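Shown next, in structure tokens, is the structure this report addresses.
Should a chain be cited, it is by its letter among A, B, C and D, assigned in written order, with residues numbered from 1 in that chain.
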Amino acid sequence: MPPSASNILDFEKPIAELEAEIEDIKRLTAEQGVDRSEEIAILEQHRDRLMEQIFSRLTPWDKTLLARHPRRPYTLDYVRLLFDDYTELHGDRLFTDDKAMIGGLGTFDGRQVMFVGQQKGRDLKERQFRNFGSAKPEGYRKALRLMKLAEKFGRPIIAFVDTPAADCSVGAESRGISEAIARNLMEMSALKVPIIIAILGEGGSGGALGIGVGNSVLMLEYAIYSVIPPEGCAAILWRDPAKAPEAAAALRITAEDALRLGVIDEVVPEPLGGAHRNPDLTARTLKTAILRNLDELCSMTGDELAAQRYQKFRAMGQFLTMPELAEIDAAAG
Amino acid sequence: MPPSASNILDFEKPIAELEAEIEDIKRLTAEQGVDRSEEIAILEQHRDRLMEQIFSRLTPWDKTLLARHPRRPYTLDYVRLLFDDYTELHGDRLFTDDKAMIGGLGTFDGRQVMFVGQQKGRDLKERQFRNFGSAKPEGYRKALRLMKLAEKFGRPIIAFVDTPAADCSVGAESRGISEAIARNLMEMSALKVPIIIAILGEGGSGGALGIGVGNSVLMLEYAIYSVIPPEGCAAILWRDPAKAPEAAAALRITAEDALRLGVIDEVVPEPLGGAHRNPDLTARTLKTAILRNLDELCSMTGDELAAQRYQKFRAMGQFLTMPELAEIDAAAG
Amino acid sequence: MARDDWFGLKSGKARKLARKSADAVPDGLWIKCPKCGEILFNKELEKNLRVCNKCGYHYKLGAMQRIAMTVDEDTFEEIATGLRPGNPLDFPDYEDKLEKDRKTTGLEEAIVVGTAAIGGRRVVIGAADFTFRGGSMGSVYGEKIVQAVEKALDERLPVVLFCCSGGARMQEGILSLMQMAKTSAAIARMSAEKLPYISVLVDPCTAGVHASFASLGDVMIAEPGALIGFAGARVAQQAGVINRPPNFQQAEFQLDNGMVDMVTPRKELRQTLIKILQFCCEDIGNAA
Amino acid sequence: MARDDWFGLKSGKARKLARKSADAVPDGLWIKCPKCGEILFNKELEKNLRVCNKCGYHYKLGAMQRIAMTVDEDTFEEIATGLRPGNPLDFPDYEDKLEKDRKTTGLEEAIVVGTAAIGGRRVVIGAADFTFRGGSMGSVYGEKIVQAVEKALDERLPVVLFCCSGGARMQEGILSLMQMAKTSAAIARMSAEKLPYISVLVDPCTAGVHASFASLGDVMIAEPGALIGFAGARVAQQAGVINRPPNFQQAEFQLDNGMVDMVTPRKELRQTLIKILQFCCEDIGNAA
């Protein structure tokens, strides 16, 4: 999808304008044969400085928009860039093949792995085909089937997370979207192979977590991970969805926040300007991070892997315990 | 369901006529106070002799009709008669609750057991509600869920078989009726608790076998167990469904045949005239048989039970092997 | 459950808690049934386990009421106490809201867990309370569930949980979401040890709780009319869920769709639990 | 699979069998595609793995053709031979029909099993043949599947089965039905040993075979356009199945409904199998 008015974010506009200018000059150079490379170099420097400037002060809401960027690489883009080759597997063996959840066999740096992940669509037709990346129960059951297959044959699992939320239509409710997510959480916690999670874009609530219980959880720099979409939070708290930017800040949904809160293990840096400006480079960085984690995890036994994963999630949450409470009381007294 | 023209089989008619006569006399006795007990006794003796006569020369087709008798006791009738109490459990946790397949917790002679079974309906409305005893994938998946629950808590399983066939509607096909039956066959073969099968009426092909893999397989005297309904066989072989009686004979579908062919372990005798003439007595006989088998099986370990069940089905089938073929060739030569 | 005092709690403190955590019990003598409009005498309603005797409407219950109604008299001992939510996100107004709910309910969080006996059998039991932050699951809620399960694992006891929740605790953000994984992982350990876990889904059981431990019971029971589903009412509204059947997200809808084993009226619940526990427990958890 | 001789069978006997078991190959030079009507040059059709080069219609293949097309050249060794159906029911005409099929196909039953290598990896492989009693499963069919699985268990090999069947062998009655349980139980042992089993569903794969081992593959592949379903055509007709979608019971219908992992054109099948085997086999079955 090429840049166009409809897929450039507001804060990207100054950059886009500069780039349009640079393109114009380049075109003229080609057409008229006049060497304006010095001018171009200056403009490009200017653009890079501008980008650095803009991206150094992104708000959580800006990052939300980047995570949802219409040109952001999706799961299959990474599958193609990360794997030497791959073979998709389909179906939950129960009801259907959910196009919002893909999965299959991949060769990753010469190793056999199973991948699963939500898949968004690029244009309108594809977006509908992929149900906007919102998987139904059958998607989570398909993912579980594939993950169990990986466990059976001792292969690591890589899960790519990118979903606004699980589907909550009448059909999804009636086929047990809650049951499907709950079962995945339970089963994933006990699988005896390495599980690496890569949060690529939107880490939308239970829909994301439904394939998100891993030994290592990586998150791209401008991805978000949230218990509720900022719009939903704003609507509930302040009865005003327009206050989403405030909610995005209050909810602590950025990769940085997730790392600080201990729910992810590593932030994977994106190229200047975001993953969509250089998918290849993003994939290379991600690949390096996954490989490093995979090497570590592959030295562990199945039981150790399950125990490490359990303890990791067991420890999540923050609260005060009795001694701390006593201290507070003492201080207050 | 009381006897009426529509639920009396042709070969039962002479018996029904005699009984109507006896009833008439009894009514007159009550109304007029005339003692005709001697006459009644003679008629009753006559009736019993007639019944013995008729039932001693039942054809396989007659037995098919008895197995499908509209007044034959169904699974829930036996559940009520066999168990001290029971609690139905519902649903496959995937799609729906299949009313053609019931199951739940039962107290059986003071022991905790899990039961599953196909359920037919008595009147038209109930028959539709129960889908004529033809379970869909969700029925087999419900049964498997309950059997796995029984295994988890170390409880024996009693499966009651009574189905013309599994449902083969478009819905059933699209939700994987084949997959559901296949999975049950696979999983049942390896369960580590006692499984006792009681074939109560129609043992209809894969639909029956889908809950029919047991350590002990009991079969009521006038039940049938067949790879295809006689009508279907006649239609395929002779392009004439009216030749069902011939097909019933050729297919060897009676309990006696099943025992001889080694696919069941025990024929449970029915009262004279069939189970529907005395459900209580039938249930008592069945209960004794189940208890005896249960006692034997409960002395085995889980591994022994799975191995016994495996070997039992492993051995099913009849064929000639090389040495036998050599003998035939020698004899022919 | 033909007992005069179904509260079953002797200690003054427990009684006080039970009273406090009952949701929206008006102090007056009379109460109007929200379903059928019948005017009910409050004392009669209590005796009828807070079920409308005209239409069968099941009122919400507080956590301590639930427990009292279910366990053998005077057998409940709370565990996993002394935990209090922090404010890890510095979320606006969160501490004030917690303080308010602590005061009005007498609870330290939206869930209470402990040990008790049911029909003479020792169990771990927990009940969530809608009056505390809408029964939303935050870090403490999750931790209490896990500590309850750990108690069951240590002593090889069955677990019975009354699952009630409006969803995840928004104010604890992503940490709340993680409680879904944390509690479900704990249930996985129960399952691996073949220890029984019975979940009872009561009004409302939605979102993060429904999509985690609540849906993982070996046997799952729902109370009649309870709202049960993935999308909370407001989320579903935002998502514009269409073509809802009349009983959408009700207990009976879940039964039709094969998601719960049974819908059990409150007055039969204790006996049903006793039967199920009898099935699931060969040699575990028999109270001396 | 760019090999000049995709038959891959060097021995004269095997070649002869392969020729004999190919279904309905007319002896003429030309053949008309039953799907698009195109007139196809028989030799070209063979080179194209018996797939119409105009519309992609996949012709049925005989058991030996299947195997030859799939395995490394000259690696197939048949096992579980020397078994012949009896007539346990004394079913009218059964023996004559068997004798006839034995003569026309050169096979002893509707399935052939053995060991071979695929992409250098040793496997157990089996293929059913529609030209022998419509690929129906009787006692020998079931026994051969089980002996194949037992071979795999003994030597820790993966299993690849080309599943093709019109259903159970009616003439062996209830004994045929039991082959469903017998074969599925064998697959359970594979699964418990974590040995991979790949099922390839080819035209037609129905009834008793589809409702047993064919549906239990760790990975399941279907050939384009193959008829795959529970109710055989005649049974479905008798049962009056209504509202059939246009692709009802076709491979693509099964893919849409989540029942197979992929629909794979014949010319890609060997490479796909090699990839899947690579995933499933860590340290098993590497041919020396």
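What we mean here is this: a residue touches a chain if its C-beta (ideal position, glycine included) is under 8 Å from a C-beta of that chain, and two chains touch if they have at least 3 such contacts.
Everything numeric in this text was worked out from a predicted model, so none of it was measured.
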{"item": "Fewest touching-chain hops separating chain A from chain D", "value": "1"}
{"item": "Set of chains whose contacts include both chain B and chain A", "value": "C, D"}
{"item": "Distance between the centres, which are taken as Cα means, of chain D and chain C, whole angstrom", "value": "53"}
{"item": "Rounded Å distance, chain B centre to chain D centre (Cα mean)", "value": "34"}
{"item": "Inter-chain centre distance, chain B versus chain C - centres from mean C-alpha coordinates, in Å", "value": "42"}
{"item": "Shared-contact residues (touching 2 or more other chains) in chain A", "value": "93-95, 175-176, 179"}
{"item": "Shared-contact residues (touching 2 or more other chains) in chain D", "value": "191, 257-259"}
{"item": "Graph class of chain-chain contacts, one of line, ring, star, complete, other", "value": "other"}
{"item": "Touch relationships between chains, expressed as pairs", "value": "A-B, A-C, A-D, B-C, B-D"}
{"item": "Chain D-touching residues of chain A, taken from the complex the two chains share", "value": "85, 87-98, 105, 112, 114, 138, 142, 149, 152-155"}
{"item": "Residue ranges of chain D in contact with chain B within the complex", "value": "81-86, 88-89, 91-92, 138-140, 142-143, 146, 168, 170, 172-182, 184-189, 191-192, 207-208, 210-216, 229-231, 234-236, 238-239, 241-245, 248-249, 253, 257-259"}
{"item": "In the complex with chain A, residue positions of chain D that touch it", "value": "191, 194, 196, 218-219, 255-262, 272, 275-276, 278-282"}
{"item": "Complex contact set, residues of chain B against chain A", "value": "93-95, 137, 141, 175-176, 179"}
{"item": "Complex interface listing, chain B residues touching chain D", "value": "165-166, 168-170, 172-179, 181-183, 185-187, 189-190, 205-206, 209-210, 212-213, 225-228, 231-233, 235-237, 241, 250-253, 257-258, 261, 263, 309-310, 313-314, 316-322, 325"}
